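Heads up, the next two complexes both have subunit A, just with different partners, subunit B and then subunit C.
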Partner chain A sequence: MKITQNSTDTTLTLLLDGELDASSSVLLDNELSKPEILRYQKILVDCRQLNYISSAGLGVFISHLQTFQDANVKLIFFNMQEKVHNVFEILGLDSLMTIVPSLAEAEAA
Partner chain B sequence: MKQALRISCTRRNLKVVRDFVSEFLTGYGLSEVLINQIVLAVDEVVANLIIHGNGEDESKHLDVRVDVKNHEFGIELEDTNRTSYSPGSYQEPDLQEYVRIGKKGGVGMMLVNRIMDRVEFTTHNSHNICRLYKHLA
Partner chain C sequence: MSFVRKIHPFLLPFSVLSWLALLICTLLYVHPTLMAGLPTPPGWLLLGLQALFTAAIFLQERYQTERLRGIDFNRLLRHLVLGPALVAAVCVGLHLGMHYAQQPLPAAGSVLFTVFYTINVGLFVLLLARTNYTWRSLVLFHGTERLRRQWLWFEILLGVTLLLRLLSWTPPLGLATGLLGVLAAFGAYLSGRQKWVAYLNRRQKLEAVLLQLAVILVMGLFVFYFQHTQTVLRLLAPPTQNAFLLLNAFFAGFYALMGLLVTLFNLPTAGVFEQKREEILSMQRLTQLIQRGQTPEEVYRMFFDSAIQTVGADAAWLLVEDVENEYTGQLYQLRPEQGEAIRQLLTDYNLNNIEYLNNDLANSSFRQLELPYGSLMVMPLHSSKRQYGNIYMLKQYAQAFDRENLSILQTFASQTVLSIENLQLIQASLLTQRVQDELKIASAVQESLIPKNLPIDNWFEISSHAVSATEVGGDFYDFLHLPGRRLAVLIGDVSGKGVTAAFHVAQMKGIFHALMQENPLARNEREKFPVPSKFMAQANDALGRCLEKSAFITASLYIIDYEHGGFVFARAGHCHTLYYHSIKEEVSYFHTTGLGLGIIRNDGYEKHIKNQFYDYNPGDVMVIYTDGIVEARDAAQDEYGEDRLLRMLEQSFYLDADQIKEYILTDLNEFSKGQPMHDDQTLLVIKFKAAQPEAGL
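Our next item is the complex of A and B:
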């Protein structure tokens, strides 16, 4: 798993590259646990190169979602592959989290 | 055609098992989504066996056997740990509550139970076997 970050004053974009499983999810958790992340208005998660996610990866997002909401930070996923989106759907997480098709929609959300 | 794999109990081998199952399923004409679902269910149980069942002890091993019979995929996961991992009293979690309290784990078996048709845990003479089955439509 490789995580590439890009930021503006208001938005942090995370490009996830690889497979997010019980071995690699700690990397993502470390990034999302940094206190300074709460100064952004939006965290955009670019999933185009995210080839796999397990419960460990989902758990990282689940565990930070409330903190982000309390701090008025929007967490938005985009460019998600069908097989990865399906995993969110199986648990109903697609109704608890914001998942949009494209960067343009993520920026407008 | 039956195939088998033996791994040591380290998280680094999660991908080894995923690739093994994925390659086995290639050639059955399944969709990418269905292959990913089966691989995911296997990965969740293997992660539990490695981390919770065997404490990530690399001197311990896990045997993986896969097969397709009568259009049904079956996988056996066997270890020899004295304390067997068996979510017998498992209840589906409330995900909204998990979000509220910021809970990090606990949805793996929810995925397994929702994806697979049958999930069985048995223990016999200190051999723990988990069997997962999925009909291949």
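Our next item is the complex of A and C:
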């Protein structure tokens, strides 16, 4: 798992590359737990290279969901592969989180 | 050889008999008038009997079981000296003593004298045999195959000299002397094999010297005796087997003499050998401490004592800086402030925690400490990962330590560190073992939570399968009969693995049984039990208070009303239900929405969960499962997937519930063959049947 960060003043883009399983989700959790992350208005998660997400990986996003909402930070996923999207959908997370097809729509959201 | 082994038990009685015969013949030979009726035996008979007796005794000794036990050489020597040598010496001494005391008995040439003489000859042969085969054990100790062959030749040649005497052929004088000389030289050459001496310590060497001296004395006594009997008395008997016995006596005496000299000259170096042995023994003790599972403190103490003893230090300090231990080291003949001062000085010069040797303290910076010592050696105790401490060793005089001491100390130090780290490993593994045992208990507890008796009714068939990837799993399912011919079926999966997940499984089961109780305040029949969506909302509420932030649970609850042929279910983020519609003859997934439990922990959850109603028909099949099934992977890391599961039901819907389950599992196992199981797997197959067996069939 590789996490690449890109940030502007208002937006942080995270590029997830690889499989988000129990061990790599610790890395992601460390990133999302940093206090300065709440300065951004939007956190865009680029899932183009994300091949697999385990329940531990989902748990990381779930655990930060409330904090982001309270701080008015929007969490937006884009470029999600079909099978990863399916995992979000089965768990019902698509109704809680913003998942859009492309970067353009993510920036517009 | 096997022939000799067979007759070995008879050799002793045979030798006794031959000796008795020899005695009688000698008596008759020397005193022809003793028994008038009997003829005087010829000389060759005496020689023959003597040879037979000698051969029997030597063979008997040769095939005796090995007397040497391990490296207990002195025991071997003691048995020789206190056994045959003592008896022979007493007998010979008695005879000589009586002779010199000029007792009336035994007059030279008397019968008693002859008896005594013959007894002494017998004892001499026995002593020689025993001595030579004792020497064999010593010569061949750690000997090569070549040496064994040489010894065999030595024996064979000696045997030949015994036979030579029997033949009435007398070799020319020069040849006999030459042969004797060669054999004596051979014996002298073999006498150089004295390896065993090196294995004795100082005390044992002294004892060995005394014992060998005793052997030489006894041999000398016999020489004196035979000389005496030959010169003083008229000829009593034909000469003994001269060459053979002479050679043997020579070898016995010469080997003892050589051994004596070697031992004597080894005495000064015995201390060095002993020290080396002590080092090895200390090392062994240190190693054995690990196996006996002692504490680190004992290992340190052992190290300290061994180091002082081996190096011969006049003062020492072991400083242990191991945070996991209360033991901080110990001092020997040194005051704490002295040790501290040395340490401080070394630290100042940046020399702490490295090997250090200073043989001239008086002429270095240590002078300022005014220590009464001339030499210092410091050895750190460390592994590649950690520093455990230092040992400081001091000697009174300068130039007292050498490189050798340093390397020994280094070996001790590494062995100690190895022991300490081994102990830590053992302790860690014990802890792991305890956790494993507790997991086994948890596993057994969880096993007892799985419903053992599946509901049975003629309206449906249920078949179930559940395995966990680890000792305790995060999957669960349960059944509950409700009044009015209804059945509640719950299936679910707790995120994460291990004990935490297992704990939430138990909690979820508790919630299920608590919420599925009849509500006495219900206004109508339908409200007596919570509908699935209501159940999920209540469960979400209950779980929200105790589930850790990143954990969630997926579940599906089905309430089957088999009186009315329908069911209602809600899916809280759990895998889609696979269903075979017998009327439409089609297999599909129920695509319903529903959020997992524990994801949002406020009142808003109810918006995210829906009930789905369905009327089933006889022959319909419902397959419910956890993600361990559809996310099972093959060698190429591809997932089993919903599509393949669907195709399996298309191929097997007409079978019994059990057979459908087996059909799916067979395919799944084929798919994931050779791959480790990543997640728990649970699979339930429910097949609805006609309400009653149709009449007339």
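Here is the rule we use: the second predicted complex is superposed on the first by the 109 of 109 C-alpha atoms of A that agree within 3 Å, B and C clash if a C-alpha of one lies under 4 Å from a C-alpha of the other, contacts with A are read in each partner's own complex, and residues count from 1 in each chain.
Just so we're on the same page, a contact is a pair of C-beta atoms (placed from the backbone, for glycine too) under 8 Å apart; a residue touches a chain by one contact, two chains touch by 3 or more.
None of these values were measured; they are calculated from a predicted model.
For the composite obtained by overlaying on subunit A, subunit B and subunit C cannot both be accommodated without a clash.
Shared-chain residue A:R39: touches no atom of subunit B or subunit C.
Applying the stated contact rule after C-alpha superposition, one finds that A:S23 touches subunit B and leaves subunit C untouched.
In the superposition on chain A, A:I90 contacts both subunit B and subunit C.
In the superposed model, A:S63 makes contact with both subunit B and subunit C.
When the shared chain is aligned, subunit B comes close enough to touch A:E82, but subunit C does not.
Of the two partners subunit B and subunit C, it is B that touches the larger number of subunit A residues.
Annotation: subunit C segment clashing with subunit B after superposition, chosen from 220-228, 364-372 or 490-498, is 490-498.
Subunit A residues in contact with subunit B (one complex) as well as with subunit C (other complex) are 22, 29, 55-56, 58-60, 62-63, 65-66, 83, 90-93, 96.
Every residue of subunit A that touches subunit C in the complex is listed here, in rising order: 22, 29, 55-56, 58-60, 62-63, 65-66, 83, 90-93, 95-96.
Subunit A makes touch with subunit B in their complex at residues 19, 21-23, 29, 52, 54-56, 58-60, 62-67, 82-84, 86-87, 90-93, 96.
Residue ranges on subunit C touching subunit A, taken from their complex, read 493, 495-497, 549-552, 554, 572-576, 593-596, 599-601, 608, 639. Residue ranges of subunit B in contact with subunit A, taken from their complex: 11-12, 14-15, 18, 32-33, 36-37, 39-40, 43-44, 47, 51, 95-96, 98-108, 110-111, 114-115.
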